[in-house]
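By letter and in written order, the chains are A, B, C, D, E and F; residue numbering begins at 1 in each of them.
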Amino acid sequence: MKLKVIVPITSKVFEDETKEEIKTMAGPGVVLDAEGIQYGTASIESIYDELLCAPGIIKVGEKAQSEGFDGIFVSCMGDPAVEALREKLDIPVVGPCRTSMIFAADLASTFSVVTVLENVKYLIASIAHQLSLSRKLASVRSVDIPVLDLADKEKLVTSLINESLRAVREDGAHAIILGCTGMMGVSELLSEGLKAEGCDVPVIYPVPVAIKYLELLVSLGLNQSQMTYMTPTKKERNIWDKLS
Amino acid sequence: MKLKVIVPITSKVFEDETKEEIKTMAGPGVVLDAEGIQYGTASIESIYDELLCAPGIIKVGEKAQSEGFDGIFVSCMGDPAVEALREKLDIPVVGPCRTSMIFAADLASTFSVVTVLENVKYLIASIAHQLSLSRKLASVRSVDIPVLDLADKEKLVTSLINESLRAVREDGAHAIILGCTGMMGVSELLSEGLKAEGCDVPVIYPVPVAIKYLELLVSLGLNQSQMTYMTPTKKERNIWDKLS
Amino acid sequence: MKLKVIVPITSKVFEDETKEEIKTMAGPGVVLDAEGIQYGTASIESIYDELLCAPGIIKVGEKAQSEGFDGIFVSCMGDPAVEALREKLDIPVVGPCRTSMIFAADLASTFSVVTVLENVKYLIASIAHQLSLSRKLASVRSVDIPVLDLADKEKLVTSLINESLRAVREDGAHAIILGCTGMMGVSELLSEGLKAEGCDVPVIYPVPVAIKYLELLVSLGLNQSQMTYMTPTKKERNIWDKLS
Amino acid sequence: MKLKVIVPITSKVFEDETKEEIKTMAGPGVVLDAEGIQYGTASIESIYDELLCAPGIIKVGEKAQSEGFDGIFVSCMGDPAVEALREKLDIPVVGPCRTSMIFAADLASTFSVVTVLENVKYLIASIAHQLSLSRKLASVRSVDIPVLDLADKEKLVTSLINESLRAVREDGAHAIILGCTGMMGVSELLSEGLKAEGCDVPVIYPVPVAIKYLELLVSLGLNQSQMTYMTPTKKERNIWDKLS
Amino acid sequence: MKLKVIVPITSKVFEDETKEEIKTMAGPGVVLDAEGIQYGTASIESIYDELLCAPGIIKVGEKAQSEGFDGIFVSCMGDPAVEALREKLDIPVVGPCRTSMIFAADLASTFSVVTVLENVKYLIASIAHQLSLSRKLASVRSVDIPVLDLADKEKLVTSLINESLRAVREDGAHAIILGCTGMMGVSELLSEGLKAEGCDVPVIYPVPVAIKYLELLVSLGLNQSQMTYMTPTKKERNIWDKLS
Amino acid sequence: MKLKVIVPITSKVFEDETKEEIKTMAGPGVVLDAEGIQYGTASIESIYDELLCAPGIIKVGEKAQSEGFDGIFVSCMGDPAVEALREKLDIPVVGPCRTSMIFAADLASTFSVVTVLENVKYLIASIAHQLSLSRKLASVRSVDIPVLDLADKEKLVTSLINESLRAVREDGAHAIILGCTGMMGVSELLSEGLKAEGCDVPVIYPVPVAIKYLELLVSLGLNQSQMTYMTPTKKERNIWDKLS
């Protein structure tokens, strides 16, 4: 089974880190391949950024299918272009936000997402609402750190613990979702930090969860519905002239 | 007051027809200017198409603001890039689907949208849901005519009447929204056709409604919330290198 | 276009102030005419008051249609008798609460209403719920000033700023609706006061918004649905013997 | 315990029939007293009628409290003036629509209301929605018989059976609420008719249910919340000059 | 009319106290009989406990019907086995949580439940959600006292007042439901305590409310829907071999 | 990794068939062990049956944890005792209905469940509602075949195809969930049958999906929230005296 992990931004650093990170995540017989996009934005922190990256993501996704990949994971919490790829492709496409939220909906009565910046709160809440899970979304909180500054892990972990505790104690969250796929290598520290405060809740880091979920779908032959995500009709699409 | 009407596809025919159509729609002291996009898709009939047109729409929108326009209307029922433009710009940006639905929500207990193809039903229902209006959306129906074939007005009107009657009689709709901004010049015929069948419900053609709504917002100094639609942070966005 | 503004209470002061206020609100070719009711209550601050004013409002509304008016705006945030008039009349009837809320639903992900007294909070929340917008209503707050004491603008503005800030910071509102049509001449001061506190959200003063919305409906030939608001059947209605 | 049954219309026939009907409904130690209103409309079949009857209903309700009644039941499925009386009075006030719906919500997963005319369907659905029970309301159907023609019991029962069967079989209702308090003496016939068709669902006739519910509230000292239904503030209410 | 009150735990103390308590609750002509279960758990403070008591409750319920009882009340706020008994039996079965919540939904716009332990908050919120009343549930709070320690009435009343005040002031509750049927003899004290703090809201003690509601159902011949609660099919059920 | 599959009924045939069926479902390094219950009911087709089987299920679950199993799957579409086990145990516990529904919620805008008998429709709809997914549940349909008669695969497949087609065409489902874990070996036939009718939707057979989901949770160290599912307090539970 070959799975493509799309790093849907133009930052090479993130592409490299993702390649490194996912090395240990593949199950037996699973090949994981991460790939960035060529044209878009350096990071995604708004609907605006999402849309500017979308053509680049779609391009990598279409190529992946043509190269024989069995499934696609778009590694950004806004789930950019996930539904567009679901329309266009025959293979399963998953997003980390959707996946984390449905899992949290099963494991806890309520959950919060702790993300990077205030700017993406509306975007993430909209995905919960689209999935019909608004009632279970206790809050979206932010650590107020831009995506490209997430490398300072100590600062990140401290902020994550603080905001997660507030999510649990003030907002009533019973599970925490890390709200950016760039929050690498911190979920265990967050989990321990919360337990040290007497707060034993599931901490969901979306990257491995979404990858395993994609493996599961592929291995069972499950796919997105062709009735929800109908194949786009044929027509002239001159954007490809510019982005090829 | 200068308002920009973005025809968010690459079809020149539609751009020209829109220019013609809106001539009579401007209120006193209002200048309406329609403009198509350079790169994208010939029509929008999927989320896939929407995302491929989004950068082109954003580009026209940003240019409009820099040229002193006071408001923007993106003339496509998927409201493509409307929320991204709301983040990026300081002037009001409206979409026909959002506008029609909030008006219908006031004027009737339920409404249906009659659109072009099955493919866009999920997209339109998602907008209703995002606005919290799912409960009032009786149904989304389609006339099964692609956007680029809407020129056959007779066929279109017949299908619109049939599907609208089913929306009212079978689905319980109390108002009808025309589900494509390319359904030009047919709303009165639909309205009369429905009345002839004993079915007196509001028929909302989104183009003039959204334009008047935009005029209203500009004239009263109202704008989208800067807290919902926060300004995108600064960063490298190399997509513009390709699309300039 | 002739539009009737019903001041749905018996206080002559409010009728006069409304007449004065709306002078500048009419668009080109629009005649606005304000009229109070003869029998009812001095102000509306409860469902009880609403119902006692309803026959008087209906009477003015029926007269307006018979005199050739093209649309009616009932200027009170409880939208008293709006739905009854929609049943009885052939011309569009709008209410400030419904109108403000649908506009806010488009412009922001959440909104709060800041009204006069605790007594009307349930009434206003009920209208949001009826429109299916409960999820977007962050809160209803009150300045604790009765309608007939709103003349002290300084006190009013100070209280409005305080409660609006709490709505934004504590309740998560992204837009503010002024919760009484008697809050005349303060929306700009509120808006500035909020911006001075770093809080840039739309402030919706319902009076001009509803009037422009009514203009829009009339100019486009749009009306409330005859299927939601069916014409009352004929029967004896002896209340008119008393209230004529 | 003395309970007032307000017959909230001006039709003397209904007042008399109600007086007759409730004779057998009082529990031990309970005095039931029915009283019509002096000014209003002959029957209630619209929001318009409701509002025209409201002052008359309020007047009878206020008198009842001053005369020492312990609770009030407003016998019309639109629950006219029920919430206004709850604000004004210190004694419990119940409506048949609210009561029937909460009971049906406990006894069945879904329910339908079969009412008199299409005209009141929106009104009844609005009450379900206000109670947060829209999800459980399978449908509102009508027998298409005006209130004042309900005397033809045979026609009524036949229509009720037909519409109730459709509610169960087509709309998925698991309980039926009779949608007009004027549908006297037919609930058992409807129940038997449904059973004869293999349809064993609860049939709720709102009049005895609401009266027993009111008895229950009074006997346990329960009352509507003073925080939801706050006491109206003092002010001039000149409508009473006309309606005294 | 003979009504069975099932005390659905194995604690004899609670069975005896319930027998004592309900002596004064029966209406004229009503016989109330309380009975504990033989096998289960000493108290119910989790879904786990509920399920372990369920067979014992069902056994007492089936016996009650065979002995000619006319209705059953299962006296525990988790409404344990209520829906199972509704399937199996021909007589009405009521639960205190469902009953209190529907009554509160009529009497107030919002309500809170103040229960024993944090452990049961999810359970109680689930019942509100199942009834479609989540929107009206302001909060579930706990006094942090186990069921078997409720005998210390002074401590209980103090905690109830504190938590109820927070429910009203912080969570926006307009009515309070006592969240354990073991909170005997304290509702009036709670009500007085709240009034002393200026907080006049209905306090619903579920035991008498559910008993009176059951009386009402039986007296009017109303029953749970046989379509929602279908009769279980015949099959081998060997659990009875062990629990007989 | 050792996972326990609880066959939560007393039918030995089903236990044996499940043991056979799951042989091929275990991933590398995963041991799957199926076990029936000793006391309960022969099959589960009602809430009544669920509760009678619950203590037996709990017993097997507690034993599994004490024997070192890493996770538990309760193989019945009513998810019997799943939430009770989540409270009591430290290892993840999953149910097929919850799991299938969250997956369907991601893969399609709407889904239907096709189950065995009318009797379980309410039960299954309740689980969708509890997960906040009512809006996405297009319908619950039944093939009208009792659990213990599912061996006639031909009849089963024919009925499944018919009901699934109606779910898609009449109810608007975009995915189908097999509504009984006893519907073994038919999902591919159903999928092919639907495709032959032009209906290409995901068919979710819950057994492998739930097992893979459980594997995923265990492998990632994810567990149900200890705040939603709090550990039951200590107390006397004499039911175990009888069921040991």
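In the analysis below, contacts are C-beta pairs under 8 Å (C-beta built on N, C-alpha and C of every residue); 3 or more make two chains touch, one makes a residue touch a chain.
Just so it is clear, the model here is predicted, and its values are computed rather than measured.
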Q. Same or different for subunit A and subunit F, when you check if over half of the residue numbers at their contact belong to both copies?
A. same
(Q) Measuring between Cα centroids, what's the chain most distant from subunit F? (A) C
**Q.** Intercentroid distance (Cα basis), subunit F paired with subunit E, Å
**A.** 30
Q | Chain centre separation (subunit A, subunit D; CA means) in Å | A | 52
Q. So what's the Cα centroid distance for subunit B and subunit D, whole Å?
A. 44
**Q.** Per-residue multi-chain contacts in subunit F, two or more chains
**A.** 109, 122, 134-135, 228
Q) So how do the chains connect up here, line, ring, star, complete, or something else (other)? A) other
Q) Which chains touch, pair by pair? A) A-B, A-C, A-E, A-F, B-C, B-D, B-F, C-D, C-E, D-E, D-F, E-F
Q: Please name which positions on subunit C make contact with subunit A in the complex.
A: 109, 135
Q. Inside the complex, what are the residues of subunit E that reach subunit A?
A. 122, 125, 134
Q. Inside the complex, what are the residues of subunit D that reach subunit E?
A. 27-29, 94, 98-99, 102-103, 105-110, 131-136, 168, 174-175, 200-202, 204, 208-209, 212-213, 216-217, 219-220, 222-228
Q | Contact footprint of subunit A on subunit B as seen in their complex | A | 10, 39-43, 45-56, 58, 81, 83-85, 87-88, 117-119, 122, 126, 129-130, 146, 148, 228-233, 235-239, 241-243
